[in-house]
């Protein structure tokens, strides 16, 4: 598994395509939202959690596409498909890498996000980071599963969001709700259920991905 | 060989047609009038059973998909696709009858009510399913992809429903049947059950018919 | 290690590509698959190395059936295909290191260097392989085949883009591998080269086996005539 992670990291380091493009895209979408929702700062504060997760969701689609498509260059993926490794491990490595890169890009565009939308930071940073971690991993988890399905499709760039958005709706709802509670500094007991939902989603999709990856990967 | 040439299929079709015909007749005439919505209320007798049938259709997709991945026989894939088509058609009816019923009941055509919203999300998931089937690539491979999607799609449903339910707590689920049909006794429940039964016969007929067509088309292509 | 294929069928886009293909590759033998483009040679090799799923039929190595969910069924074979199956943004050294890790080898830099040197690639060791020429890529693929000591080796068009020196190096490798009893299944369309190297020749036509010739009991001229006669 370490071997696979190392391979992914070097690939990204050489091209730097994923993190950079995700960051710039996130920034661009934030800008569009700032223009499109021309409202007072007070109202923006109410919208902000939802907007944030929309930006994250859209950005993840970009990353997911790239995460899987580069394996097709020179048919590189055949190297690990025909190797005596558990292909579920490859799924986990993609999940981990996707999560790392999404989080990196996110941490970069979150600062402008808060800046442009004039949001104050009067909430628990710890909880906020926690929900970001959980939400990101849930999105990437189901995203990796879907990208594996759409890998050889003719309209892959369209198919991934079309499949991802409905399937990830519990994540969007749960993450947004949790973020709202976090921004309002409400006690944990009130939004505990949403965390539970996110965890369940993450575990289920990760497990399904691990179990079903064998079936998906062969031609 | 023609589908209806087989006696069992002919009987199935006649049963479906007969039950549906009587069902519609009963709904239009004998079923107790809804107190609050005399004109549109009886759409309820269509909406609820159709929703159940669609749901069962999608559950069948998951079951057949699991069977396909396990046994690797093309027949199960045909069943899964046919169930998806039948289920989606019924789900489409749910999304049409829902607003028709919602307007007189709640004043708006669309409400983000948990069951209706979950239906919409499921519908979208399966639109994606058909896109995958169409554009996914090699048909032999696509069968496997679609099976996986069929499984994830349906397993996601409890989480979707729970999330939507907790999302807007002020909007509760559909009012129960009893609230609208207080004077009518057991008739409403009976009507709904009867409608459900007839629709189940219809959907199983649709699935069988479609599987037959798919098998026939495939044999012809190979020849 | 023996490779047995029985009743293998496969279709793509509803076109039958392989139709009940059955053959055996005896342990330590060099078996060559010949056939025109589209006859199914690459598909067979890809199915044997678990890159493509089996349509129907059975494939086993040393009696053990290949199964997607069972990684150990892939332990004994290595596939070197048409395309590099390597990462363009990684260097030769990094790619070989990655692959050796996949097979549980964790080869040291020196060992990898040694194999690269044999194929005259050590000067380009740290260059990203997207900058390699076709000939260099072909040699790199052979370096992979040399690095991973799998008992069974599947080669798809190994002579492509190789210059004379490359071909000589490849022939040396074949002799070296034969000495360690490596079972080889090679798909190619170069009949002359095949007649010089193979123990057994299988020709494919329209997804079915046309000829299965054992060169221990037949002279090369007869085999050559049969092959050119039927194509």
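As written, the chains take the letters A, B and C, and residue 1 is the first residue of each chain.
The working rule: a contact is a pair of C-beta atoms (placed from the backbone, for glycine too) under 8 Å apart; a residue touches a chain by one contact, two chains touch by 3 or more.
On a predicted model such as this, the values are computed, not experimentally measured, just so you know.
Chemist: Where centres are the averaged C-alpha coordinates, which chain has the largest centre distance to subunit B?
Modeler: Chain C.
Chemist: Going by CA means, which chain is nearest the middle of everything shown?
Modeler: Smallest centre-to-centre distance to the global C-alpha mean: chain A.
Chemist: Using mean CA coordinates as chain centres, what's the subunit B-subunit C distance in Å?
Modeler: Their C-alpha centroids are separated by 50 Å.
Chemist: Whole-Å distance, subunit A centre to subunit B centre, using C-alpha means?
Modeler: So the centre of subunit A lies 32 Å away from the centre of subunit B.
Chemist: Centre to centre, by mean C-alpha position, how many angstrom separate subunit A and subunit C?
Modeler: Inter-chain centre distance comes to 39 Å.
Chemist: Could you list the positions in subunit A whose residues touch two or more of the other chains?
Modeler: Touching at least two other chains: 215, 218-219.
Chemist: Two-or-more-chain contact residues of subunit B, please, as numbers and ranges.
Modeler: Residue numbers touching two or more other chains: 138, 141, 144.
Chemist: Give me the residues of subunit C that touch two or more other chains.
Modeler: 53
Chemist: Which positions of subunit B touch subunit C when the two form their complex?
Modeler: These residues of subunit B touch subunit C: 138-141, 144, 218, 221-222.
Chemist: Hey, which residues of subunit A end up touching subunit C in the complex?
Modeler: Residue positions touching the partner: 3, 6-7, 10-11, 14-15, 73-87, 214-215, 218-219.
Chemist: List the residues on subunit C that touch subunit B in their complex, please.
Modeler: Residues of subunit C touching subunit B: 11-14, 16, 53, 55.
Chemist: For subunit A, which residues count as touching subunit B in their complex?
Modeler: Of all residues in subunit A, those touching subunit B are 142, 145, 149-150, 152-155, 158-159, 162-163, 165-167, 169-170, 173-174, 177, 193-194, 197, 200-201, 204-205, 208, 212, 215-216, 218-219.
Chemist: Help me check something: in the complex, which residues belonging to subunit C touch subunit A?
Modeler: So the residues of subunit C touching subunit A come out as 46, 49-53, 68-69, 71-75, 77-79, 81-90, 94, 98-99, 101-104, 128-129.
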